[in-house]
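Shared between the two complexes below is chain A, which pairs with chain B and chain C, respectively.
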Partner chain A sequence: MMKSTDLTHHISRRYNKDLEDLRNHVLEMGGLVETQLADAITALVTGDSELGLRVAHDDYKVNRYEVNIDEECSRILATRAPAASDLRLIVAIIKTITDLERVGDEAEKIGFLASKLAGMDRPSDSYREVKNLGNHVLRMLRDAMDAFSRLDVDAALAVVPEDEIADQEYEAIARQCITFMMEDPRSINRVMNVTWAARALERIGDHAKNICEYVIYMVQGRDVRHTLKANKSGTSGVEAPK
Partner chain B sequence: MMKSTDLTHHISRRYNKDLEDLRNHVLEMGGLVETQLADAITALVTGDSELGLRVAHDDYKVNRYEVNIDEECSRILATRAPAASDLRLIVAIIKTITDLERVGDEAEKIGFLASKLAGMDRPSDSYREVKNLGNHVLRMLRDAMDAFSRLDVDAALAVVPEDEIADQEYEAIARQCITFMMEDPRSINRVMNVTWAARALERIGDHAKNICEYVIYMVQGRDVRHTLKANKSGTSGVEAPK
Partner chain C sequence: MKKTIAQLLFLLIIATALGWYYGSPVGGALVGALLAIAWNLQKLYRLDRFMTHWDLNSLPEGDDAWSQIFSKAHYLRQRNLWHKRRYRSLLKEIRKSTDAMPDSAVLLNEYGEIQFCNAAAEKLIGIKSRQDRGQRINNFIRSPRFVQYLKSANQSQPIEIASPVIDDVLLSCQLLPYGGGQRLLLARDITDRQRLTKMRRDFVANASHELRTPLTVITGYLEGLVDDPSVPEAWGQPLLQMQMQSVRMNTIVNGLLELSQLETRGIAAATHEIDVCGLINSATESLQDESRLSPIKVDCASDVRLLGDSNEIDSVIVNLLSNALRHTPKDNDIRISWRRNDDGAVLQVADSGEGVPKQYLPRLTERFFRVDQGRGSTSGGVGLGLAIVKYIVGRHEGKLSIESELGKGTSVSCYFPAKRLVSAAASSD
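On to the complex of A and B.
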């Protein structure tokens, strides 16, 4: 028969194994989403219709991860009743995978748009600005997931201001697109697709920022959402209690 | 001294009160978001710049609800270790308020766009199609929050297919916008703002659908996300285990 201390040890080892598995599944999901995004960007800037459609088709794999990890979280919450930092880890994971799933949705959209754009005229700059924005948000996503895996608050904090730069890059592209359309109304159909793709990339930057905010919450136990945004935009009253 | 049964009774009454408060705060947040959305739509279709800016300014109130409710959820998870249906309620709330907060963000965007559009030419139809889409997604959001408040799976299931109709309404507006821009390139600046507003409304439909899926999960304990979507689009393999 097992001694009580052995049993406790066994349970706690099993519990740590559950948390470790959970964390690894989130990192796997993050890796898959990064690949989807990288492929979507390649499809867009190289005009590879087939690759774009493959990204769109493979989004179900991302969704599957989300549903499975959600179940793991619910099971651990129900059977282990985790406290303090473990609880924050699980709440942060529930939120992180929602953002990862939405990055997957945006990559799916970009894949479809890439496949449409592949059949249209290509501009002489081969979508250089869009490529830059894409690489920027891809780097943000990678850095966010690195910060998550190392529970690194400083790394997470470093990503947050990047989102504002990505927003500016997006705004520049959107303005440029409007100018193109005005100069050559026949390009409107094509250029609208470029605008949608840039918009999707901009939103991916938002999601990367969200993930970093969950990392900070997870490690420090304080919720920095909206306060970071508020500091940036100078809005007051956001931190006031309800 | 309190008897043990009294104490248990006291604790469970206190616990139920906590859950009841939590639920009420989510409904209050939903009510605020509905008002924000309704005002944003009014600002857009009546060209009321001031109202649009007020909606944009008031978004911080929505954010404050999200942060506070998140804290309530974490506190209840940590101190009460809820099981089964209570646990599902809390997980569903953590997800629901994320979607409500994003509806708030979209309403904020629409408010800004309304204020920009108020200073521009108005089309003869006073944005009738956009108004219809706006009213449609507002109704979806109300129905979603009603389903949440009554834990009504049938009502939640009834909202899900509405999202596809909202998507079609949005697609029609987007196509119409492209036609307008081609016919009159001087309208591009204005019409792009209309397109962005319609896109924001379309995304609100997505969020309303998400909330309904959480209601179904909460009541039935099964995760219907992506499977409902999969049935619709005929994608296979979504339900397969990882």
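On to the complex of A and C.
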């Protein structure tokens, strides 16, 4: 088992600091993505086109983080030739930032859609379902980043079944949207945008789940991708890999 | 101690005497010495055992040197235990009291790693006090604003961030340095305060909006009545008074509305370039029309453009100029200038009026604050101008500073940072 204190076990203090900084930067990037997503959801729900455009514009910051962290990883790989848990850490980070960057892209998309939707009619429920789904995936992302910072396998495993719920919520929204479109074809333009936003949120749930799988890989050295979903019996049903 | 030495000497003398009796005094002394060593070794062994197990039954009786060492060791241990217990209960008390604090407190070392946190930190920030010790604080508070604040040199002002664990909870965070590079992070739940501020803001906005409609009706009819020749002569003066007061009320309501709108907006977007000199010139012309007022001297030393909201900057200039005109005796100069300085640009309005007493300077930007309460109604001000100016300058990331000398005049300066400026030459390309 790998613990957070394991990062400080190297004889070279410089190496310790490099690894700790790297992890820290990933979490900073996670924080930025969380904020982007939260702002995008707020923009969509409150119809704030200015905020939506700002989110879309700020995506370059996320991309910059990805490039910098990638570079940092290659530098450590080249100069330190890490092994065992350090190597797993680097590999997991390289994968995590890809997923985070995708989440950033989805947030950008939602921000852009929010600014478009702000100019159109607003439904009476002011996108309540979309807000619920958004808050749900935002919590998933937050929990995934917390699990990453604590290297906490149990917390990571707890996030995985949440994706199922996000999928179901997305299904419900999609079905509702189809009903709207059939009732009133004039609303198709608007409702399509809502569907895309919901779709983007659902994808973010998948990315959060992926990050949790990388956490498990990083701590236990086990690749659990595509194996956790088979067990559908809910939170308690997912067994911790030994 | 003396007794033990006496015992040892006695043993040696007896042993030597016995040896002399049997023909070898040296052999006797040797046997005596060996016996003494064996006895001491045995005591040493018992001391070692005693200090491992602290079994009181093995505490030797008597008052020789060894017994004294035994009891001293025992006494030292008891004293240590007592101190330890005291410190432990003291620490427990401290922990309990910090846990009772409603604000979360986190101790950070020089690398920003968590050393200690109280129960509220667990609730508001989501730090698990045992598990997360030694982790960097920005692994948990990941908001980009906080990360920036943590790295910034100036941490004297608290920042507001959303709680990372509880939805819809707003925290006010502040880092306080102490010791060698260590810092204390205080985070306070300010959701209620925020809600109250919002309620007050909404109330002012709604109230002034609701007041505007009836006021328009009253002003409209009054205007008609003042010009109506069929109204008896005796009503002329009261009607004029009523009209003046309703115009004044209109100004107040509009000022309040403008303020409440400014409050809800964040930092002004830096997308539009403003020709400050152009605004100054047009504002001066429109105000100068009323020829009985003091002359305004315009000094545009720079044609640098400001990034922001043109209407708002116009409002700043008009507010400052009309304030200056109101407080300057006729024929005294008023100067308005726009020029660059070392770290940005400054818009300055200086009058040569009566000035403001020093003790009132900090309160000038409060709403409805007037230095001379009796004077306001005659000069036409309502006491919202400087409050509006302060908000607008703040929205453009600038700073407002007011200097005044009694009898010589007042000067109001708005400092704008360099990042809000573009040179006119660059913008024309």
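Points worth noting:
Note that in this section the second predicted complex is superposed on the first by the 218 of 242 C-alpha atoms of A that agree within 3 Å, B and C clash if a C-alpha of one lies under 4 Å from a C-alpha of the other, contacts with A are read in each partner's own complex, and residues count from 1 in each chain.
The rule we apply is simple: contacts are C-beta pairs under 8 Å (C-beta built on N, C-alpha and C of every residue); 3 or more make two chains touch, one makes a residue touch a chain.
Only a predicted model underlies this, so the values are computations on that prediction, with no experimental measurement involved.
Which of chain B and chain C touches more residues of chain A is settled by the count: it is B.
By the document's definition of touching, neither partner reaches A:170: not chain B, not chain C. Using the contact criterion defined above for the overlaid structures, shared-chain residue A:214 touches neither chain B nor chain C, since it reaches no partner.
After overlaying the two complexes on the shared chain, residue contacts for A:91 are found with chain B alone; chain C is out of touch.
In the superposed model, A:192 makes contact with chain B only, not with chain C. Comparing the two interfaces of chain A, the one with chain B and the one with chain C have no residue in common.
Only residues 4-5, 20, 23-24, 27-28, 30-32, 34-35, 38, 50, 135, 142, 145-146, 149-150, 152 of chain A touch chain C when the two sit together in their complex. Residue ranges of chain C in contact with chain A, taken from their complex: 126, 128, 131-132, 134-136, 138-144, 146-147, 162, 164, 167, 269. Chain contact summary for the complex, chain B toward chain A: residues 60, 63-68, 70-71, 73-74, 77-78, 81, 83-84, 87-88, 91, 94-95, 98, 174, 178, 181-182, 185-186, 188-189, 192, 199, 223, 225-226, 229-230, 235, 237-238, 240-242.
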